[in-house]
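Next, two complexes with chain A in common: one pairs it with chain B, the other with chain C.
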Partner chain A sequence: MAAFLVRRLLQMFLVTIVAAICSYGLLYISPGGPVDQLLGEHQNSGRNRISPADILRIKQRFELDINLPIRFSRWLTGWPSGPLFGSVGTDWPVGCAIPGQVRLRYPDGRVETVEEGCQQAVTLGDLVGRKSSRGVFFGDFGVSQVILRDRPVIDLIGTRLPYTLYLMGGSITLALLIAVPIGVYSAVKQYSRFDYTMTTIAFIGSSLPSFVFGIFAILIFSILAKQAGLPFLPSGDAVGTRDYIIPVLGSIQAGSLFDRFLRFLMPCGVLTFISLAGWSRFVRGSMLEVLSQDYVRTARAKGVKERTVILKHALRNSLIPFVTLLAGVLASLFGGALVTESVFNWPGLGRLYIDALSRSDYNVANALLLINVVLLLIGILITDILYTVVDPRIRLG
Partner chain B sequence: MATSTTAIPTDEPKTTAPESQLSIVLRRFRKHRIAMFCVGLLGVMLLLSALAPLIAPFPRDQPNLKARFLTPFSVDPAGKLHIFGTDHLGRDSATRLLFASRVSLGTAVFSTLISSLIGIVLGMLAGFFGGWVDAIISRTLEVVATFPTLSLLLIVVSIFVGNEKNIPFPTILTKTISFLFAVSEREAKLVLMVNLILALFGWTTTCRLMRGMVLSVRENVYIDSARALGASNLRLLARHIFPNALPPMIVDFTLGINGTLVSESVLSFLGFGITDPTPTWGNMLGYAQSYMFQYPWMPLIPSLPILLASVAINYIGDGLRDALDPRQKI
Partner chain C sequence: MRTFSKRSGAGFMLLGLLIPTLAACGGAPAAGPIKETVVVVQTAAPQVVKETVVVAQTAAPAATSETVVPVAQGEYTTPHPILGDLKVRQAIAYCTNRPELIASVYPFLDETQQTGLLMDTFIPKGHWAAATTGITTYPFDAKKGGALLDEAGWKLATGDTVRANANGDSLSLNFTTTNAQFRQTWSAVFIQQMATCGIQIVPTYAPASWWFGSNTGLARRDYELGAYAWVGEADPKGSTLYSCNQIPLPSNNWEGQNSMGWCNQTASKAINAATNTLDRNERIKQYVIAQQEFTKDMVSLPLFNRAEAAAATNRFEGFKPNSTEYYTANADSWAVKDGDTLVLGFSQEPASMWGTVESSASLRTAAYLISTPGATQYNYDYQPVAQKAPFPTIESGAAKNEDVEVKADDMVWTTAGDAAALTKGVEVTTADGSTVKYDSGTLKMKRLTVTYGFIDGLKWQDNTPMVKADYQLAYKIDCDPASGTVSLITCKSFGNVNFTSDSAYTITYLPGVQTPTYYLAPIGAYPAHQVIKSDGNYKGKTLADVPAKDWSTLPEIAEIPMGNGPYILEKWEKGQSMTFTANPNYYKGAPKVKKIIIKFISDTNQAVAQLLTGDIDALGPETLGAGAEVKSVLDAAKKGSIQAFTIASPSWEHIDFNMFVK
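And then the complex of A and B:
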C-alpha cells in the first residue's frame, strides 16, 4: 500500500507538471493575450489611448517581457527572482522590454517597419524587486490580469468557490438520494413499466447536451410560468439585485435567503437530473448483478424476508462499485457545471473559467485548469483507495 | 444509414447458402423498432442538410432589419413566408437551420471519422505489437485521459480559433471542406480547425476499446494458424484481426458521433467553436438564449434538431449494439 501510494503520488506529480507546461505553453503561444485584451477594452470604454510607456508597464506587470521558459519557471516556482546566488548573472538577458525595430526598404520603394531583435533587454538584475507570484507550487497563482485587475487569482477563486460548492453539494446529495432508490426499484422490478420508463428517461438524459436542459428549464419555469401568471423561478444569477413579485409567494426581497434559494433551484435541478440519469442506471446494473448471486438465493431459500434480502444483502454489496464512481464526480461535475453555470449565469468557477478564457485572463484560466487536473487526479487516487476499503479482496501493489 | 438499410435485396435467390454476416446483422437490427424509426429520422435530416443550398428559401446571411424576430409562420413586409421565423438580424431561421444542420451533422460525422481512424490504427498497433509501442501509446492515452476534456478543449479552441487564417491549410483541403459543409472558403478554415481539434480529443475511447479487442482477438487459434501459414503482420491485421474486432467499433463510432455533436454544440453555444456568420445548431442556440425572454420560441428552433439528432443517433447505436452482439437474443 505504501509503495503504491508513493508511486501514485509521484505519477500525479509528473502529470500535474505536464499539465502545467501544456496549459501555460498553449495559452502563451497564442497571439493576442492580456495586453491586446486590455487595449481593446480600454479603447471600447472610450478612455484615453494607451501610450507605449503604458504598454511597457503593463507588460512588465504581467511579466510578458520575459522569455517563456523563465516566465514559466517564475510562475511555477517563483524562481529566479533575481541574480543567481545573489550576484551571478546580473546582466544576463532573460527577456525583451522594447523590441527592436528594423525599417525594411523594398525594391519597389515601399518602407515597412518590422519588429526584430531587441532594443532594450530585461536582465536577471531587473527582476529584483518585481512584484510577482511566489510560485504556483507554493499556492500563489499570481494576479488576475483582466477580470479583476491586480487582485490575486486566489481571491477571485475564493469568492467564486462557495457558489460552485453549494451547487455541486446540493446536486450531488439530491442525485444520490433519488438515484439509489430508483436504481434499486428498477432492478427489483426489472422489465416492469417503471423500469422501462426510467430506462428511457435515463437514455434520453444521458444523450443530450446539458445546456439544452438548462434552456428548457428556463423556458418552462421562468418564462412560460411567468407569462401564464403562475409562480415562476428567477432564471439567472445567484443573488437578485432588485425586489420582485412572484404570484402566490408574494414579494421577494433581493438578496434574502429565500431569493437565493429560488435562484438555486433551477441550476441545481438541472445538474441533479444530469447525474441522476447515469447514476440510476449504474445502481440498477450493479444491483441486478448482485441479485443474481448465489448468496442472495441462499438468503431467500433460508426464508429471509425479501425486504431484508434487498436492503441488507444486496444493496450494500451493490453499492461497492458505486462508491468508486462518486470519487470521480469531484472533477467531472466541474465540467458539467461549466456549461450549466454559464447558462444560468451562476457566479461559480465554471463561469469564471469561461470568462477568463474569452477575455484572455491567462493566470486565472491556468490556475483553474491546474486545480481541475489536480482534483481529477485526487479523485482517481481516492477511487483506487476506496476500492480496497469497500472490497477487501482487492489489494494495491 | 437510410439507404444502406432500405437497399437490402429482397429477391435473393432461395439457396441453402448460409446467410451472410451482414444480412444477419441487418435482420436483427430491423427488429429494433425505435432504432429503425431513428434511422429514417436521421436519414431525413441528412437528406435535408445535403440539399440545403438547393432548397433553402432565402440567402443564408442576408439580414433584413425590417423583419427581425418574426415569429414562426409569419410573413415579412415583402410578403414572404418565414416558416421558422427570423433571428435578431432578420435572417431566415429555416434557411440558417438547414445550413446549420449541414455544418453540425457534417462536423459530427467528419471529425468522428478522423478520431475513430486515429483510435483504431493506434489501438491496433498497441494491441498487436505490445512492448514499447504499447507502452508509448498507452501512456499517452493515460495522460490525455487525465485532462479535463471540456476545459482543455475550450483552451485549445480559444487559441486557434481566430488565428486560423495564419495556418497554411492546403487549398485543396479548404476547397473540399467548403464543398462538404456548404460554407465559404474563408469559413472553411475555421470549420476544419474545429473538426481537427475535436478529433484530436476524441480518439482515446476508441483506442482503448480497439486495443482491448485486439488483445483478445489475437489470442485466437485462427490467428496462430494464419501465422503458421506464413501470413505477414499486415495481412494478419487487415484480414483477420480488424474484421473480428470491428463490431464494437461500429457501435463506438455511432455513439462517438453523438459525443462530437454534443461537444461541438457546447463549444459553439459558449461562443468558442464555430461562430456567426457560419450557422451551427450550437451557436444559433447561443444567441437565441440572449433573446429568449422577449421571444420564447427562439431557443426551441435550434434545440429541437439537437434533441432529435442526438436521441436518434443514440438509439441507432443501441440498436446496432444489440444487432452486432451474437450473445444477445432478439
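And then the complex of A and C:
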C-alpha cells in the first residue's frame, strides 16, 4: 500500500506538471489578449492614443515580453527573478521587449517590412524589481491581472469558493440521495411504468444542456409565476440586495437565511436534475447486471428475503463501478458549474473561470485550471483506495 | 518490460509534441520562407522605419543580386479589376437595400426606428460635424445599379445569374467579416441583394481575432469587400482612416487604417485640415468637404448605426440613456416612485475603481455615481459640468494659440503625434500648417495655452473643499508611468503645468500640439488630504504620501475611493454588488434617491429576468445590447409593465471596398 501511494504521488506530480505546461501554454498561444486589444487602438489619434512605449509597459505587466518557458517557470516556481547566484547571466536574454524589424526588398522592387529578431531583448538583469509571485508551488498564484487588478488571485478565489462549495455540495448530495434509490428501483422493476418514466426523464436530463433547464426554470418559476400572481422564486444571485414580497410567503428580508435558501433552490435543482439523470441510469445498469448474477439467484433460491437480496447482496456489489464515477466529484465540487452558475448569476468559481477566460486574466484562469487538475487527481487516488474498501478482492501495490 | 517500453514510447511522443509547441511559443518569431528571396536587408529601428535605414548586405541569391531593378510597383498598387471601377462601387451601393438589412437584424424595431439607424456618411446623423447637403446618397435602386454595371462592362447574359465582362470573367467578389451571428444575419440578406443585381458574393466569416488581428485580415488588407464597425465619437477624428498618407502598405509597415487605399487629394486635405484646426466652424466646413468626396467616390458603404436597448422599471424616474454618454451621468437628478433604493444591473464588474488603470464602460458607469465629471458627452458633443462654463476655448479668451519660434533640441510635438526633441529629420507641422522635416535653424510653430477653470463649491464627500493640492496630486500620479496607466500621451503633450488657484490651472502645451478637444480639462483631482486607514505600509499617512506604484493596490483608491459625486461608495462585495449611499456634501445637495445598488449579472437572460421580476430597476445599453432578449423587454414595455428605450448606438456597420490588389 505504501509503495503504491508513493508511486501514485510521484505520477500525480508528473501529470500535474504536464497538465500545467499544457494549460499554461495553450492559454497564452490562443489569439487575442491584452496587447491585441491595445493594438486595435494603437493608431487612433487623440488623447487616448497608445504609443509603442505604452504597449511595452503593458507587455511588461502581463510578462508577455518574456519567453514562454521562462514565464512558465516564474509562474510555477517564482524562478528566475533576476541573475543567477547574484550576478551570473545578468545579460542573458530571456525575452524580447521590442521585436526587430527588417525591410525586405524583392528583385521585382516590392518592399516589405517584417518583424524579425529582437531589437531590444529582456535580460535576466531586467527581471530584478519586477512584481512576481513566489511561485504556484509555494502556494502563491500571483495577482489578478484584470478582474481584481493587482490583488492576489487567492483572495478572489476565496470570495467565490464558499458559494461554489455550498451549491455543488448541496446538489451532489441531493443527486446521490435520489439517484441511487431511483436506479435501484428502476432495475428491480425493470420495464415497469416507473422504469419507463424514469428512463424518459433521464434521457431528457442527459441530452439537454444545462442552460436550457436554467432558462426554462427562470421563465416558469420566476417570470411566469410572478406574472400569474403565484408564489415565485428569485431568478438569480446568491443573496438578495433588497427586500421583496412573495405571495403566500410574505415579505422576504434580503440577505436572510430564507432569502439565501430561495435563491439556492433553482440552481441546485437544475444541477441535481442533470447529475441525477446520468447517475440513476448508471446505478440502474450496474444493478441489472448484478441482479442477473448466479449468487443473487442462489440467495433467492435459499429463501433470503427479497429486500435483503437487493440491499445486501446486489446493491453493495453494484456500487463498485459507481465509485469510479465519483472520482470527479471532488474536482466538480471546487470547480463549480460553469454554465449553470452563469445562467443563475451565482457568484461561484465556475462563473469566475468564464470571466477570467473572456477577459484574458491569465493568472486567475491558470490558477483555477491547476487547482482543478490537482483535485481531479486526488479524486482518482481516493477512488482507487475506495475500491479496496468496497471490493476486498482488489489489492493495491 | 514491454509495458515499460510502451510507456517510454508514449513519453517520448508527448515530449515530441510539447517541445516544438513550446519552441514555437517562446523566442523571437522565426524568419519565414520569404527570407530566401531577400536581396537587400535594411534594418531599421522600429516606428521610424522611413528615416533611419541602415543598409546591410546579406548573403543573397547570386543569380539575382546583380540584377536588382527597383520598380515602383509594390503590393497594393495595382487597381482591383472590379472594385477599382467607381461605377461598380456605386452599383453595389445602389443594389444594397439597407432598410432590409436593418430589418433582418432588428425585427423588433418599427419602421421609423429602423430608418433612424441609416447612415449616409462616416459621421452619424445628428452629429455636429455631419454633412446635410452636397453629399451623394444611394437609395436602394436595383435598376440604376444594374445600368451602372452594364456601363462598366459587366453584362448579364440571358439565362445567366452572374454578370460577366467581355473577357468572360464573372463578377464575383469575396466578402469578409467576423463570424458574429449578427453580421452573418445581415450579410446573408446582402448576398441575396447582390445576387439580384447579378453580383456573386463569396462570404468568409472569420474569427474576430483573425479579422482584427495585429498582422492578419484587415490590418494586412487581406479582403475585397470587408464589413466591420466603427465607433462614432463626439470628436469625429478620421485622419488615420481617410487621408492619403494613412494607406497601410508593406513598405510603411502597414501603418494607417485607410485599408481601402483611398487617396482623394481634396478629401485628404480637408480631413487633415479638419483634424488640425481648433476652429469649430472651420472644422465643420472641412468635414463637409471630406464627406462629400467620401460619398462621391463610394469607397466605403456606410450601412447603419447599430441599435441598442436600455430599460428600467416604471418606478425609476429620470432614466435617460444616450448614444454617447453613460446613463449614470445624470444620477443626481434621478428619483424613485416608491421606496428609496434603485438597483442597477451591470454585465461586467469593474476591475478597479481607479480610472487611471481601468477604462471599461462598467467602471465609467459606476464612477459617475461617485464623481463629478469635468464635462459630459451627450449627443456627440460636450457639456461642462465641473468645468466652468463656457469651455476655455480660444473664442472665450481662456485659451490662446500663438506662433512661437522653436530651435534645435527644443521639445516639440511631432507630426506622428509624440513628444520629441527637435533634431535633424524630425517631422513637425509648422505654424502655417505645412509639414516639414527639421534640418537646422528656427521654425515657427503653434503653441496652445489653456486655462482650465472649475466651478466653485466642489467638495469631497467628507465635506473638505477641493484645493490646488488635489489637482497637483492627480497630475503627479496620473503622469507617472509607475502608476500603471495605459497611455501617457496626454501627459507627454504638456510643456508646462501651472496650478494657479484652488479651482484653476494653466497648461502650456508643447509647440505643435493642436488637439481639437483642447478645452476639456485633462487633469482631474484626488483627495490629497485623505488619511489611509487600510493596513499596510501607508496606514496613517495621507494619500499624497503614497507613491504611484502602490496606488493600484491601495484599497482607498482601487476599491472604496473617496469621491465628490452625488453618491458615496459604501461597500463592494466582489462578484456580487456595490452599494452607494447619497452624498450629503454633494455640491448640488444630497440626491433624492437614498441608496443605489449595482448588481453584477453576466448573463443577459438572467438580467432581463431580474428586470421583469423587479429585482433590478435598470439595465443600460452596455448590458442589454441588441440581442434576442431585447424583444421580450420591448414586449413588456408595450404592455406597460416597464419602460424601454431603443437608441442608435455610436457603432456603425459599413462595407469597405479594397480598391487595390496584392
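The rule is short, and it goes like this: the second predicted complex is superposed on the first by the 314 of 397 C-alpha atoms of A that agree within 3 Å, B and C clash if a C-alpha of one lies under 4 Å from a C-alpha of the other, contacts with A are read in each partner's own complex, and residues count from 1 in each chain.
Throughout what follows, contacts are C-beta pairs under 8 Å (C-beta built on N, C-alpha and C of every residue); 3 or more make two chains touch, one makes a residue touch a chain.
Keep in mind that what you see is a predicted model, and the values were worked out from it rather than measured.
Engineer: Scan A:I223 for contacts with chain B and chain C and give back first, second, both or neither.
Structural biologist: In the superposition, A:I223 contacts both chain B and chain C.
Engineer: Touching A:V343 in the superposition: chain B (first), chain C (second), both, neither?
Structural biologist: The answer is both, since A:V343 touches chain B and chain C.
Engineer: Specify the partner with more touching residues on chain A, choosing between chain B and chain C.
Structural biologist: Of chain B and chain C, the partner in contact with more residues of chain A is C.
Engineer: Return first, second, both or neither, reflecting whether A:L27 touches chain B, chain C, both chains, or no partner chain.
Structural biologist: A:L27 contacts chain B only, not chain C.
Engineer: Would you check which partner chain A:V18 touches, where first means chain B only, second means chain C only, and both and neither mean what they say?
Structural biologist: Both partners.
Engineer: Which partner does A:R7 contact after superposing on A: first (chain B), second (chain C), both, neither?
Structural biologist: Touch partners of A:R7: none, neither chain B nor chain C.
Engineer: First (chain B), second (chain C), both or neither: which does A:N372 touch?
Structural biologist: first
Engineer: Have a look at where A:P209 lands relative to chain B and chain C in the superposition and call it first, second, both or neither.
Structural biologist: Touch status of A:P209: first partner only.
Engineer: Applying the document's definition of touch, where does A:D237 land relative to chain B and chain C: first, second, both, or neither?
Structural biologist: second
Engineer: Between chain B and chain C, whom does A:L352 touch in the aligned arrangement: first, second, both, or neither?
Structural biologist: second
Engineer: Quick check on the output: what are the common chain A residues between the chain B footprint and the chain C footprint?
Structural biologist: In chain A, residues 18, 22, 29, 31-32, 215, 218-219, 223, 235, 342-343, 354 are touched by chain B and also by chain C.
Engineer: Residues of chain A touching chain B in their complex?
Structural biologist: Chain A residues touching chain B: 15, 18-19, 22-23, 26-27, 29-32, 203-204, 207-212, 215-216, 218-219, 223-224, 227, 235, 331, 334-335, 338-339, 342-343, 353-354, 357-358, 365, 368-369, 372-373, 376-377, 380.
Engineer: Can you check the complex and tell me which residues of chain A touch chain C?
Structural biologist: The touching residues are 18, 21-22, 25, 28-29, 31-32, 35-36, 38-40, 43-54, 57-58, 61, 67-70, 96, 98-119, 144, 146-151, 156, 159-160, 215, 218-219, 222-223, 226, 232, 234-242, 244, 342-345, 347, 351-352, 354-355.
Engineer: Okay, in this complex, where on chain B does chain A touch?
Structural biologist: Residues in contact with chain A: 143, 146-152, 154-156, 158-160, 162-163, 166, 258, 262, 265-266, 269-272, 285, 289, 292-293, 296, 299-300, 303, 306-307, 310-311, 313-315, 318.
Engineer: Show which residues of chain C lie in contact with chain A when the two form their complex.
Structural biologist: Within the complex, chain C contacts chain A at residues 14, 18, 21-22, 24-29, 31-32, 34-35, 37-47, 49, 53, 64, 67-75, 207, 209-210, 212-214, 235, 237, 239-240, 250-257, 275, 339, 341, 343, 349, 351-352, 357-359, 417-418, 481, 484, 486-490, 492, 515, 517, 522, 552-553, 558, 574-577, 579, 597, 599-603, 605-607, 609-610, 612-615.
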